[in-house]
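One chain, chain A, links the two complexes that follow: it is found with chain B in the first and with chain C in the second.
For the complex of A and B:
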C-alpha cells in the first residue's frame, strides 16, 4: 500500500452461501485508490464488480457474506479497517465519507418522497443541517449536479423526472455531504447515449473540482477510458489485470482484456460482425479448475486447465496469466 | 380530484340500484313470507284474513309493481315501515347504526394499530423465532371460524372465569352507575366482540404487511437509503413502510364489507344491538322493508368506504392522480 492510499482492499473474499454450496462472488480482490485518484473496475456481468463495491459499503445482504480480507480506509489521518467498524460507525461512513450511485436511476429513488427530502436526508444525517440551511444546501447540490431548474426538480417526485435528471439527483444526493470517495456502479448504463455523455462529463468535472476519488464500475471500456487513471479487469471474482489506463488500452496483457478491447464497436473499423468473447462467465458455484478464463481463452495452454496462475509483474503492471510466467 | 369524487358518487347510483334489485328478488324467491309465519303461529287464522294481510302489505301485487313502489318511495328517501312494529325503517336503522359504526370503526382502528406493527416487525426479523411463531399463529387465526371462536371465548371468559359480560353493549343497570363506571362497563362489553371481529383480519392483514415489507426491502431505493447512511430503523420505518403501506390502504377498503357482513354473525351471537343483528332479526321474520333498508345502508357504507380508500391512496402515492 502506498502512503497516499485513501482506500485499500486487501484480499477481499465475499461469498454467497446457499446451503452447503458457496458462490465465490469475490475471491481475493486487492487494489488501492489514492486520494483524488480514479480506478475502474471492468468486466462482464456476474464477474463480481458490484459485489466488490457493495462489500466496501458493507451493504452485502444475506445470503451474501464478507468472509475475509481487509478494507482499509483513511479516516482522520488513520487507516481504519471498515470491516471492524460497528454498524453505527459504518452509517457515518456511508453517504458521509463514501457515497455510491447506482445503475438504475428509475428504481434507485424512493417513489413516494420528493427529491428535496431524499437529497436533503444525507445532509441532515451527516452534517446535522435543518430548515433553511438544509434547503439552501440541497439547492446548491442540485445546481452543482448540473440541474438548472433546481427549484422545480426539488419539489418533484422521481416519476416526474427524466432518466438523466434522476441520475443527476442521485449524484447530488451522493455528494451533498462531501464524501472523499464516490463509487459509481454502472452510472450510465440505463441512460441513452447523449445523456450518458452528459453524465460522464459531469462526473469528470466534479472529480477534478472536488478532488474526489472515484471507483468507476462498468462493462464499457470507453467509459472507463474517459474517467479513470488506472483500470482493474475483473473476471470470475478476481482481478486478472491491473494497469495504468494508457498502457492497458495500448497493449493489453491478459487475453480477456484483449478480448474486451476487441469487442468495442468502432466507426472507423467497420466489420461485418463484432468480435465477441465466446462462451459465458463461469458459474460462481461451479467454477472451472485452473485459470477461470481457460475455457474461453484463445491462447489456453495445458497448464491453464490445471493450475491457477499467480500474479506476474510486467513493466509495472499486474497480470494473472501463464503467458507471462 | 373533485371531479373524480363526483364521478364516483354518480357511479354508485347504478350499483346501488343493482344491489337493491338483486336483494329484492332474492328475498322474495326465498320460500315462506311474513304471512306464512304469522299464520303458522296462529292456527285459527282464516284464509280470508291472510288475504287481508297480503293486501295490507301490498304482497298481492305482482313483484315488479311491488319493486317499483318500493323504489318510488326510496326516491323520496322513504324506506317504508317495518312489518313487525310498523315503525319507519329509517328510524330503526338510525337507532342501530351508532352501535355498528362504533364496533366497526374501533375494529378498523385496532386492526391497523396491531396488524401493521406485527407485520413490519415480523418482516424485519425474517426467519427469527418470533417470525416463525407469528407465521403459525396467523395461520390458526386465518382458519378459525369467528362464530366458533366467539362461543368458545364466551364460555371461557364469560361463563367459567366470569371476567367479561357475554352480551349487549352495556349492563342492565348501567344508567344508574357513575359516569366512570359506565365507560368501564361499556369497554368491558366491547372486548369480546372487538376481539372476535378483528382476530381473523389481524392474521390476514399482518401477513399481508409482512410480505409487502419483504418485497419493498428488496427494492433498489432501499439500498440507496442504506447507502446514504440511514440507520436500519429509519430505512425500515420511513423508506420501506411508506411504500409497503400503499397496498394496505386498498386492503382495508376491501375489508369494510367483510366487517359489516361479519357483523351479521357476531352481532347476533353477542346480542350487539347493531345493524347486523337487525338484519338477522328482520330476515328471520321476513320483514321485507327492513331487510331492504339494511342492505342498502350496508351497501352505501361499503361504497363510501371504498371511495375513501381510493382517495386516501391518491394522497399516499404521488404517482396516482385522478
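For the complex of A and C:
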C-alpha cells in the first residue's frame, strides 16, 4: 500500500453461502486507489466486479458474506478498516464519503418521488440540510451534473425523464454530499452510445474538477480507457492482471486481457468476424482446478490445469499466469 | 397534487366507485352534522309516542320507549363509523408494521411474525373476539381495540408480500448506498410504493369492521345501550318485528348500504390503483 492510498483492499474474500456449498464470488482481491486516482475493474459478467463494489460499501446481503480481508479507507487522516465499523458509522460513510452509481438508471430511481426529493436525500442525511438551503444545493448538484433545465427536472418524476437525464440525476444524487470516492458500476451500459459518451465526458470532467477518486466497473475496455489511470482485470473472483492503463493496452500480459482487448471492434483492424473468447465464465460454486482461466485459454499448459499461478511482477505490473513464472 | 387529481378523475370515471365514494362521503357528512339533522335527543324517551310508524314528526318512527328512530340512527352512525375507522386504524398500523418488518428483514424475524399470523388466523375470528369481549368487558373503546387486534393478519401478509418484491429493487440499494438506515428505507423508500393495495384493503377493512361492530352490538356484546349503534337498535327492534317493521328495517338497510358503498369504493380503488388490472383494461 502506498502512503497516499485513499482506499486499499487487502485480500478481500466475499462468498455466497448456499447450504454446504460456497460460491466464491470474490477471492483475495487486493488493490489500492489513491486520492483523485481512478481505477478500473474489468471483466465479464459474473466475475465478481459488482460484488467487490458492494463489499466496499458493505451492502452485500444474505446469503452473501464478507469472509475475510481488510478494506482500509482514509477517514480524517487515519486509515480505518470499513469492515470494523458499526452499521451506524457505515451509514455515514455510504453516500457521505463513498458514493455509488448503478447500471440501470431506470430502476435505480424510486418511481414515487420527484427527482428533487431523491437527489436531496444524501444531503439531508449527511449534511443535515432542509428547506431552502437543501433546495439550492439540489439545484446546484443537478446543474453540476450537466442538467441545464435543473428546475424542470427537479420537479419531475423519474418516468418523465430520458435515460441519459436519469443517469445524470443519479450522478447528482451520488455527488451532492461531496464524497471522496465514487464507485461507478457499469454507469453507461444501459445507455445508447451517444449518451454514453456524454456521461463519460461528464464523469471525466467531474473527476478532475472535484479531485474525486473513481472506481469504474465495466466489461468494456474502451470505457475504461477513457476514464481510468490503472486497470484491474478480474476473472472468476480474482484479479488476474493489474497494470497502468497505457502499458495494459499496449501489451497485455494475461491471455484473458489479450482476449478482451481483441474483442473490441476497431476501425484500423478490418476483420470478418470479431474474435471472441470461447466458453463461459466458470461456475462460482464449482470452479476448475488450477488456473481458472485454463479451459478457455489459448496458451494453456499442463501446469495450468493443476496448480494455480501466484503473482508475478513484470515491469512493475502484476499478473497471475504461468507464462511469466 | 397533480397525481392525486389524476386518480380522483379516474376514480370518478369509474361508476361503482363514484357511487360508493359519494355514499361514503354522504355518510360521513351525516355523522359529522348529526345535531343539525335532527331535533330529537337520541336518548329522549316519550312513552306517549312509543312505537309510532314513520310520520312527518318522526321520519322513521319511534321505538318502544318513544325515542326517535331517525335521530338514534344518525347518532348511531357516529358510533358505527368511528368504531369502524378506529378499528381499521389499529389493524392497519399493526398490519403494516408486522408486514414491513417481516418482509424486509426476513429470516427468523419473518418466521416469528408469520407464525404469529398463522396462530391468529387458526383461531376462529368470532370465537376470538367473543373471548376478548368477555375478558375485557363490552364498551365502545374495547370493541374498537378488539376488532383492531383481530383483523390485521390479512394486511400483514399483503404488506409483507409487497415489501418482499420491493426490497430488492435497485432504488432500495441506491438508497442504502446513499446512507439511509433500515428504518428510513422501509418508511421512506419502500412503503410509499406499497400503498396502493393497502388503501384498497383498508377500504374493505372499514366495511368489515362496521359489520363486526354491528354483529357484536346485536349480540349485546358491543356498544351498550343507551348509546345507539345500528347493531343494538336492531336488537331492541327484533322483539317488535311483526308489529313495528321500521325498528329493524331502517338500521338493517343502513348497515347494508354502508357495507355496499365501502365495498364499491374499494373495488373502484383497486381498479384505479392496481396497475396490473388497469393495464389490461387499456389494452382491451
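Rule of thumb we're sticking to: the second predicted complex is superposed on the first by the 325 of 325 C-alpha atoms of A that agree within 3 Å, B and C clash if a C-alpha of one lies under 4 Å from a C-alpha of the other, contacts with A are read in each partner's own complex, and residues count from 1 in each chain.
Operating definition for what follows: a contact is a pair of C-beta atoms (placed from the backbone, for glycine too) under 8 Å apart; a residue touches a chain by one contact, two chains touch by 3 or more.
The structure displayed is predicted, hence computed values, not measured ones.
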Clash-or-fit label for the pair chain B, chain C on chain A: clash
First, second, both or neither for A:172, with chain B first and chain C second: neither
Touching partner for A:99 - first (chain B), second (chain C), both, neither: both
Touching partner for A:110 - first (chain B), second (chain C), both, neither: both
Which of chain B and chain C A:159 touches, first, second, both or neither: first
Contact residues common to both interfaces of chain A (with chain B and with chain C): 57, 59, 88, 91-96, 99-100, 102, 104, 107-113, 121-122, 125-126, 170, 173
Residues of chain A touching chain C in the complex: 57, 59, 62, 88, 91-96, 99-100, 102, 104, 107-113, 121-122, 125-126, 170, 173-174
Chain A-facing residues of chain C, complex: 106-107, 169-171, 173-181, 184, 189, 192-193
Residue ranges of chain A in contact with chain B within the complex: 57, 59, 87-88, 91-96, 99-100, 102, 104, 107-114, 121-122, 125-126, 157, 159, 170, 173
Of all residues in chain B, those that touch chain A in their complex: 219-221, 223-232, 239, 242-243, 246, 316-319
